[in-house]
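The structures come next, written out as structure tokens.
Next come two complexes, and both contain chain A; in the first it sits with chain B, in the second with chain C.
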Partner chain A sequence: MSLWDAIWSGLAGVLTWPAFGLMLLTIPIGLIFGIIPGMGGNMGLALLIPFTFGMKPLEGFAFLLGMHTVVHTGGSIPAILFDTPGTGPNAATCIEGFPMAQKGEAGRALGAALTSSMLGGIIGAIFMALIIPVLRPVVLAFGPPEFFMLAMMGLAFISLMSGKSLLKGLMAGGMGLIISFVGMDPQTGIVRFSFGLLQLMDGINIVTIVVGLFALAEVIDMAIKGGTIAHTKSADIKGTGVWQGIKDTFTHWWLVIRTSIIGGIIGFIPGLGGDAAAFICYGHALQTSKRKEEFGKGCVEGVIGVDAAHNAKEGGALIPTLAFGVPGSSGMAILLGAFMILGVSPGKEMFTQNLNLVFSMVWILVIANIIAVILCLPFAGPLSKITFLRTSVMIPFILVCGILGSYLTTSRISDIIITAIFGLIGYGMKRFDYARGPLILGIVLGKIAENALHISLNLYGLKFIFRPIAFIILVITLGTVLYPAYKEHMKKKLAEEGR
Partner chain B sequence: MGKQTKIYIIILVFVLYFFGMQGVTKAAVQPDLNFYKGKLVTYIVATKPGGGYDTYARLIGKYLQKYLPGSTVIINNVPGAGHIIGANTLYKAAPDGLTIGTFNTGLIYSQIVGQEGIQFDLRKFSWIGKASSETRVFIVGAKAPYRTFKDILESKEPIKMPSSGVGSQDHNETMILAYALGAKFQPVPGYAGKEGEMAIIRGEVPATIGSYTGLIGMIKAKECRVLLQFGAKRTHAGLENVPHISELKVSPTGKALINLVNNVDLIGRLTAAPPNVPVARLEALRYAYKKTLTDPDFRKEAEKLGLDIDPAYGDEVKKMVLDALNQPPENLKLLKSIISQ
Partner chain C sequence: MKLQNRHYFSLFWVLFFLVIIVTSLGYSYKARLIPLVVSIPCFIFAVYRFYVELRTKEEENATAEGGHKSKKEKIDPVVRRKRFIRIILWILFFLALIFAVGFLYAIPIFVLSYMRANKESWALSVLCAGGMTAAIYLAFIVGTRSTLYEGIFIPLIRQALQQ
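This part shows the complex of A and B:
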């Protein structure tokens, strides 16, 4: 089947009934799962998979991907309004999105988030389609040494996310790393940090932590402070509405494209885990911004870069999943399970006999993203007014949804206790000015980095650092970390010389 | 009749009654199908939704409903700790015949080694049946220099093989086979899921062990060569001319270990109930299971999904499990030392 035929027959497949109908059905479901904090997309996938038993492959994928693609789009909404990410990657949306809401700019943030999510998803899907011809050599070029270096690069971005105190950011990152080590260590078979509890043998689920660290901590903060989320009186100030947010996204179109491609690449490389994509792109947006000082206080570029990335990564993540059965993101890991039920095997045949199915999936990503944003934008304006309500009205809602989401993800009561503990930790971090982003980044990247390091040393010894791609990534990382320090140093020198 | 004679007669009657009752209970117990009318049967799957165990359970569950008239079978996914949490949950469920479950047979190794967290005893489960036999294969990457299994055995360097982690079934199997065959397998832990296959394609590691059905994509795409098979013996697609492990010459201990590995692989996709389920209800479950596995529509659906079906039922499965666990003490000690390296 030629590439051209596959592209168009793929589209034709998506536009037929019942596949299209199934997709329309699950898009709102995905948005709702995304919006309710804690009830992330992965749980939604797990709940929907049993229903695919008996469906034809195209129908099954329309059903599942329709939901999965739009989850992060919905997840940005509570991230901006309540500093409570709807899904793990949305934690990065909180960093700039919530301060914007506090400034009364919730509408602008929502407009930017939704638009960039849509564009990111579309660009990610296009990226996926374009990569297909060179797929094999590129995916195969990345092995454990490269994964380790990429994880290091991600961790280096902690320095960028630490806000005012680098030291506190590093501490938070370190705590994140330690938390990621909880559970069975594949290198020794020993269970670490489990305190003898069977429930901790698999480690701590990221959703459990995120709900506690953000949603619960926010609830505690709201309960203590009272008042409203937005610290300004009204939303009628010019330049703060949804339309402004949409315009901002197109103004920063180059940022959207860059972060979409970075997000797609990170999703595309198996072993890194797409959850880090949003954080890494936040760091990138910060680094390349002409308005660095605004970051941390509510800069719309921070929202745009993050949201484009977390939708783009799903397009990238689909590739290694389809080509090798190796998931590119946590959502893909669950989707793989559905393959077996639908009678489809990942592998070479997908790209030869089933190429039209692959392109159907690309089209689903594109169309679902567009429909999702069309559904959400009308609500963005009214939703942004929530930030002017008394917080005591919202606390019960956030509390119930958060705890429900945490429990439903793993069906373990012990996880509610863990959420509560992280709620206290999160509040403490807010109170004492510790950025929470680095903690999440440490958790997301810790296990990957450790595993990749052990395997690299096992296979190649210390020489693994000098493998070409790994070395390049290392140089970029060092450059990223050292360059700002160098610039500071040069500034001081020039200032002294000018005296 | 004298008093003594009367006493003898009474004792004789009691003895005959006693033995007679034994005979009656050991004769065919009628399966209590009526019990299941209008009841909910929970089928515990020790993994997340999707994937092998879940798919088999959903298909089997669907047909069990047909043969337990009036019943509804629902799937309950209880993942975690490498199937241990699901197996624990099944073991501790109420033994009323309304809960059954499936988990990885590799837990046999975990029980032998005394893995932390195990709250079950595989010997005591009420065994219902198993649905398939696994054929497992030893493969080398297309670019690797080994042509036959003899080359592997004679290799001077250790053969690095990906494993998901110390304590996992693939890791245990690799270590046991290395000892039994005197081969220099060196597992490299940390490769979860299919990442091990990617490592083979990349040429990072030369060889791996895996299930035939799981690796068939790679085999058909000629990314690897199959040098040895074990578990159930097969001769189709890619396995023609591949020697079976039972054909290799090994020491008696080696043979015992290989038998263990083969037997564990033959008990694929098992279904069990908690200990002490009332006999009539267990018989009902076994009856429905057997009818399911021999139902022609079930077979057709299974084939469409690509599920291999090679069933064994009730006491036969119980025997296979007990044989695997009741090794002579020296073998158990040896296994423990191999696995916990």
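This part shows the complex of A and C:
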């Protein structure tokens, strides 16, 4: 089968009945699983898999992928409106999305998030289709040294995400790293920083912390300030900002493409996950923005970069799952199991005999993302009006959603206490201007960095730095940190000479 | 000199990293290496920040780099403290309710009491409490068949009723 035949037969397969109908059925389910904090795509997949028994492979893919693809799109909605991320990667949407809602620009943020999610999903799918022959040797060359360098690259963004005070940002990042070390150390088998508490032996889940750090902190702040979430009544009361958000996404088309490709590549690399993709792309959006000073106060570029990345990641994550049987994320691991139930084995055959099925998946990613946004956009305007409700109505709602989400993520009741503690820390950080993004970035990347470092040292000693891909990533990381400083220095120098 | 909230919060960071350093020292070399590499510089930063906070006056701090926004927000500190304590007590009340009677009963009780305490109408309070409980019941108990935490007393009551 030629490539073009596979592409068109893949599309025809998706558009036939009942595959298309099954996909239409599960897209709203995926959105709902994303919107409700603590549910997420993995739970959705686990619940839907039993319904796929007896389905043909294509029908099963449409049913499961249709749901899984749009979960993060739904997850951005509570992140923007209530500072409560629907899923882990949506935590990065909170950083700029919620301040936009506070400025009365919830509609604009929702418009930008939904449109960039859709474009990210489409670009990620195209990326998946195009990149397979090119990146296969690269992904096989990725080992612990490269993972470590990628984690370092992500951690380098702490300096950019620190806001006004670098020192406070570094301290927050340090706390995040320490939190990521809580629990069993896989290298030594020692349980660290659990202080004898059984509940901490498995570590602390990121959603538990994010809900406290953002949602609960916001509840406390709202209760103190009163009024409404949106501090202004003038701007977006009719929800007209949705169109502005859509326009913003197309204005920043180059950022959408860049973050989608970065998201796709991170998805392609097993073990890094959606949280890392979202935060690394947030850092990239911040680093490349001409309006750096607006970041942290509600900058639409921060929303666009993050939302494009986490949907693009799904396309990238499918590649190693299908090509090598190596799932790119926990969701993909569940999908891999489902593929096997449906009688499809990953490997070389997927790209020879079953190429039309691979392209069907690409089309499912594209079509599901478009349908999800078509379903959500009409509601974005009315939803944005929620931010103009009184805090006495909003506080119980956010508190219930946040605490319930924290519990449902792990089903450990003790986690709600951890959430409450991080609520207090988050409020303190907000009040005394400690950036919360670096703390989350530290949690996301800390464990990956430590494990990869130990394994790299065991395997190669300090020479691991000079492995080709690791060294290239190191150079990019140094460039990421040093270039803005050099640019700033040159700007000052030129200004002085001009005087 | 009277310590203010910002001093206490700076001190929290100092103590946090100090506890981490002391705890790390009890682990094997491999297990403590990275935590110490992270926590020692962070401890130094935290001590420096605490020193800076001690030396900075409130007015200077509000405008200085990294200073908080208390001046801009214009909320009377006494009112702020009262509201802070009030919301913390509400959160604790909600958590205590969950531990006592579980999510399905804690949610309507909390929503109703919070909204009524904040002078919302009975109709709206009942509507929100009932609506939220119904949505959670439908989504989790009926839809996904999840087991929500039932608290300490509900299983005991059920057991007593069965006997």
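Everything that follows uses one rule, which is that the second predicted complex is superposed on the first by the 458 of 499 C-alpha atoms of A that agree within 3 Å, B and C clash if a C-alpha of one lies under 4 Å from a C-alpha of the other, contacts with A are read in each partner's own complex, and residues count from 1 in each chain.
Keep in mind that, in the parts below, a contact is a pair of C-beta atoms (placed from the backbone, for glycine too) under 8 Å apart; a residue touches a chain by one contact, two chains touch by 3 or more.
Predicted model, so just to flag it, every value in this text is computed and none were measured.
In the superposition on chain A, contact of A:187 is made with both chain B and chain C.
Contacts of A:15 after superposition on the shared chain: neither chain B nor chain C is touched. Contacts of A:454 after superposition: both chain B and chain C are touched. Contacts of A:345 after superposition: chain B is touched, whereas chain C is not reached. Within the superposed three-chain model, A:472 lies out of touch with both chain B and chain C [touch as defined at top]. By the touch criterion defined above, A:202 reaches chain B but does not reach chain C. Contact with neither chain B nor chain C is seen for A:490 once the two complexes are overlaid on the shared chain.
Across the two superposed structures, the residue set of chain A contacted by chain B and also by chain C is 185, 187-188, 411, 454.
Residues 32, 36, 39, 43, 47, 163-165, 167-168, 170-171, 174-175, 177-178, 181, 185, 187-188, 190, 192-193, 195, 216, 219-220, 223-226, 390, 392-393, 395-397, 399-400, 403-404, 407-408, 411, 413, 416-417, 420, 423-424, 428, 431-433, 449-450, 453-454 of chain A touch chain C in their complex.
The residues of chain B lying in touch with chain A in their complex are 48-52, 54-55, 58, 75, 77-78, 80-82, 84-85, 88, 116-117, 160, 164-168, 171, 188-195, 197-199, 201-202, 204-205, 217-218, 221, 304-306, 340. Across the complex, chain A meets chain B through its residues 46, 49-50, 53, 139-140, 143-144, 184-189, 191, 198-199, 201-202, 270-271, 324-327, 333-341, 343, 345-349, 411, 451-452, 454-455, 458-459. Within the complex formed with chain A, the residues of chain C that make contact are 5-6, 9-10, 12-13, 16-17, 20, 23-24, 27-28, 30-31, 34-35, 38-39, 41-42, 45-46, 48-49, 65-70, 73, 75, 80, 83-84, 86-88, 90-92, 94-95, 98-99, 103, 107, 110-111, 114-115, 118-120, 124, 128, 132, 136, 139-140, 144, 146-149.
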